[in-house]
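Consider the two complexes below, in which chain A is the common component and chain B and chain C are the respective partners.
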Partner chain A sequence: MQAATALRGRKADSGQTTGRRLGHLLLVPTALWTVAFFLIPLILITVFSFGTENLITFNVDFGWTVSNYAAFGSALYVSTLLRSLALSLGTTAACALLGFPLAFFISRQRPRAQRALLACVIVPFWTSFLVRTYSWVNLLQTDGPIDRLAFGITGHHLQILYSPASIAIGMTYSYLPLMVLPIYVALERINPDLYAAAADLGARPWRQFRRVVFPLARPGLIAGIIIVGVPAMGEYVIPEILGGGKTLMVGNIIVGQYLDVGDYPFGSALAVSLMVILLAMLFALRRVQPAVEPR
Partner chain B sequence: MRLRAHPVAGAVALAVVGFLWIPILAVAVNSINQNTLMISWGGATAHWYARALHDPNVRTGLTTTIEIALGSTFVSLVIAVSGALWWRAASARARAVYDATVYARIILPEVVFATALFFLFLKTHFPLGIVAIIIGHSVWNSAYAAVIIQARLVSLDPAIEEAAADLGATPWRAFRRVTFAALLPAIIAGGLLTFTFSFDDVVTSYFLGGSSASPLPLVLFGMIRFRITPEINAIGVMVMLFTVTLMGVAVAVFALMGSASRGRRGALAEFYGQ
Partner chain C sequence: MLRRGTALALAVPSAAALLEACSSSSSSTPAGPSAGSLAGTAVMENYPDWMGAHVVQSFQKLHPGSVIKQVSNSSSSISGTVQQLKTGDFDFGLADVSATQQAVDIGIVQPLDWPKVPNIKYVGQSFRTAYPHGIPTDYGKIGIGYRPDLVGEKITSWHDVWRLAPKFSGKIVFIDLDRDCMGSTLKYLGYSGNSTVPSQLTACKNALIQIKPHLQAFLGVNYGQGLQDGSTVIAMDYDYDVALNQQKQPKIEWVYPSEGMVAYIEGWIAMKSSKVLPLVQSFMNFALEPKQYADFVNTTGTAYVEAAATPYVEKSISGSAILRPGNAIGKVEFEHFLGSATALWTQVWDEVKAA
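Presenting the complex of A and B:
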């Protein structure tokens, strides 16, 4: 017994030293890409967001100025940032409200039905995101199928295309699979004996759900909230297609400042502040997470 | 007693699945709809498919997209596989840093990342175009591939590699026949996933393509914004069929090779009397 442990220890040691030596080389591609094409660009825009643009040479003069950030004081940018925040939170909430029942329903089916339902959720996610978003333009337009249905019932036209509502629908639609999958994975990991134990101890189904299912699914829910809420805040394509150029999110302003106006320092300041807001949101969520880490 | 899903959960679930599929059905219907405004059904036609297939922008866009997707898939897999192998031997602290950079590459809004990389290329006079797009895509694509490959590597029992070494395999042979063989399904699945993500990308390509490269999603994006035509639906259906077929292959390969390697490990476990 002792000899076996010693033997295992020796093997692990020799494996580790060769692994370590090779390990340094293996990190090179990841390190190169992450540092050169991810970290340095982000540091660069952070530094240049404090610079000013020379209007004659179009060069960015570097100097510590906060003028790019001061421009946020204007009502347009404040309202756009707030609108992006509201759309991101609304999308995340809608995804959670629709995604949780779906994930729970899937996790309670037999294996074959589970696989079929999961395919129904994942397949739309794989296919052309642009065309699926565009499809909502046809579905939501005045005299389109949904509007006609609404007109038949209420006698009024919906007129939600090119409004924040149509952006919210398009975003919820696109991000929903990203919410369903982590919740499903968390639910799938729950030991079924726990349900039996809760039932034996007299817990009715609703109480079982509230005291067993929901707490154990919470890490999945939080993961879903992060991978939906953070990218949603910087969404560009969906408001561009479903906002009709009227309702803009911060992503659209950043692209506009960069590719149309060419005011790089101001565009950078917008991008950096978006990053800061998202980091703050992530830290807030981190404070919730440790308490619910599964054992 | 088995906890059953409440009928309300069932109703919501079915409604949500419908919500996910209705736009796809609408695309398919409109791709053969004669009604140009796509408000109602105007009879069937193959006209939009013919027009899409003869559109020179669509054709060059498709070739550009495939070149970019192949390039970024290759680069992403090199990064992800080497990174995952490094991760195995790394200390807990180094692993945490590595994982954080992987997740940061996945969740940072693409607009922020694409802006930053565009600015770097501008300042260093790196030419925009296909190569720039490949570099950009592989930054986030390598992170997705890393997650998939790492998940597979974690479940690989080091005892199997040690057994190979004990049985006289050289390190390279042990790597090739055991480690790499076990990782292959994850490499194929990760590769196909990164291919489809690259194939579908708008934002990074929009920033890094410059005037020289416009892949298919950018051609479509231009069409959607400036002229609404049912041709878009026809292209959409073809793109969807293509990516679904690819992912179907990925799933089949993963399932097939997954069970094969489970079988091998099962045999090994039996051999050890576990």
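Presenting the complex of A and C:
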């Protein structure tokens, strides 16, 4: 009897071990992908960033110099970095302000309506990114629909195209679904009984939102902030199209160094610097998060 | 950056009607090696569709076994082009004079055996001088397109553009490419469009920063499109773009600025790594044959370098004083390779953009 039990136990252990091994095997493709297309390129960029390049022959000398990083401290790059920071923070804030109410509204609908509304958020993004961005040129240009509306109301032309404001509008439009979806997921998980319980305890709608809904949706909001804020910081296509080449962002400088100058070491140093700054901001966000968690 | 993106988008439809006519004239016998003596595959680095619609097909038909394979490069940046050519994957490629000189300096360009390319005689001497390491195919002048009916006075110089900028603030566009925009600004200041003198580049930066608040935009595509409806009244623009817009809005005028202008020149260069040089040279020679070259001009709508091709070129192009080879070429300074000063130009350009 004991032997049979031990045998069953060993079989069970063996089954668990096999399951764990299979589980680990399933990780292999993802791990290989991550190493090949994330880790190795990241290491290469970091190594390149300490090199120097002959701009005539494009030969790179890996002399481990920090001169590329020193150049990043010049007024040109610092001011560009600050401009990128301001635009990405503005975009992230605008996405949060627009995205939270929208996600909240969607999450309070019946399931079928929720699906339809989510489709409305997502479907426009099946169109090419470039087409959508260029469509904003038509919408924002002088005598375009938005300008005509503004002129009809105020008697003044907006002249908003090719300005930082038009970049912010384009970026907010492009990144909004990335904010809406994680917030929606967080809101959708809230047990509806909590609303009823809060109401029973005398909480008015605003208090319910402030003390129940918002704290529970905060992880989704923070995820949205990260998903929007990080790519917004390195954005370079939207500023090129909607900024009319008049607003330089750090992404544009990095692209220029890689594609126009061919200075891979300096471009890599700029990219690594931007990555370090973003990582610092993410760690800061992580440190802030527990402090504001509801008790 | 692409100098041609818009040109192709606009030019191809307008030239499409002519392609059929051209096809009937593009099967003439080329000069050079005898038909059928060549076989193999030559790989060419090229812009998308930057080739006469029937040139490759006609050549391959004439030389059974020969294949011209085009690989498109999405960028016309100098470094992008040179780095592609440096890979050794190409037998020949399209490159502007700056990229060509850099490729020569690196040692990857194969000097052509000119007796094997006798049709080079059809190319104007000024273009051959400006593009000595390969066969010149096209060029583009950077001048001024404007609407005299809206400006109310005649523009003759870059000085006029800077002078009128405050009056037409927000209705002026410049080209979003450092070589062309800064080169034109240097001409405005009376300097060489290829200057590498730091003080002159600083003056160039200041002039651009001075006019920047009055610019609607630095545009990378559709430079002069706003001239059609008047949303732009003055544009720093390419000759081909002004010519195209002129077809839709006859009130647009082109100016050869009195201070002079810069121009890019492009052509085909053979690569040292090529193992099919006879095929490459034969194809180059074939493409320079006036009827074949006209096919290229009609397909792309570019300003052209072979006066002998004029009879076969579409009237809308050959009849355009902007595009046909003419005496205005004397006012042109072709862009050269800047060498290590490329980084300085890029930094000045970034400073203008960031200001």
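Some notes on this structure:
The rule we apply is simple: the second predicted complex is superposed on the first by the 263 of 295 C-alpha atoms of A that agree within 3 Å, B and C clash if a C-alpha of one lies under 4 Å from a C-alpha of the other, contacts with A are read in each partner's own complex, and residues count from 1 in each chain.
The rule is simple: a contact is a pair of C-beta atoms (placed from the backbone, for glycine too) under 8 Å apart; a residue touches a chain by one contact, two chains touch by 3 or more.
Just so you know, these numbers come straight off a predicted model, no measurement behind them.
Judged by the touch definition given at the top, the superposed model places A:89 against neither chain B nor chain C. In the overlay built on the shared chain, the residue A:185 is in contact with neither chain B nor chain C.
In the overlay built on the shared chain, the residue A:76 is in contact with chain C alone; chain B does not reach it.
By the touch criterion stated above, A:227 is placed in contact with chain B alone, chain C being left untouched. By the touch criterion defined above, A:98 reaches chain B but does not reach chain C. Touched residues of chain A were counted for both chain B and chain C, and B has more of them. Contacts of A:143 after superposition on the shared chain: both chain B and chain C are touched. In the overlay built on the shared chain, the residue A:26 is in contact with chain B alone; chain C does not reach it.
Residue contacts after overlaying the shared chain place A:162 against chain C, while chain B stays out of touching range. When the shared chain is aligned, no partner comes close enough to touch A:47: not chain B, not chain C. With the contact threshold set out at the top, residues 141, 143, 240, 259 of chain A are in contact with chain B in one structure and with chain C in the other.
Within the complex, the chain B residues that touch chain A are 1-6, 8-10, 12-13, 16-17, 19-24, 26-27, 30, 38-39, 75, 78-79, 82-83, 85-86, 88-90, 98, 101, 104-113, 115-120, 122-123, 135-136, 138-139, 142, 146, 158, 162, 171, 196, 200, 202-203, 206-207, 217, 220-221, 224-225, 228, 232-233, 235-236, 239-240, 243-244, 247. Residue ranges of chain C in contact with chain A, taken from their complex: 1, 75, 77-80, 82-83, 86, 102, 105-106, 170, 176, 178, 212, 215-220, 231, 339-340, 342-343, 346-347, 350-351, 353-354.
Those residues of chain A that touch chain C in the shared complex are 55-58, 76, 79-80, 83, 141-143, 159, 161-162, 240, 244-248, 252-253, 256-257, 259-263.
Interface residues of chain A facing chain B in the complex, by the touch rule stated above, are 11, 15-16, 18-20, 22-24, 26-30, 33-34, 37-42, 44-45, 48, 98-99, 101-102, 104-106, 108-109, 117, 120-121, 123-124, 126-132, 134-139, 141, 143-145, 173, 176-177, 192, 195-196, 199, 205, 208-209, 213, 226-227, 230-231, 233-237, 240-241, 251, 254-255, 258-259, 264, 267-268, 271, 274-275, 278.
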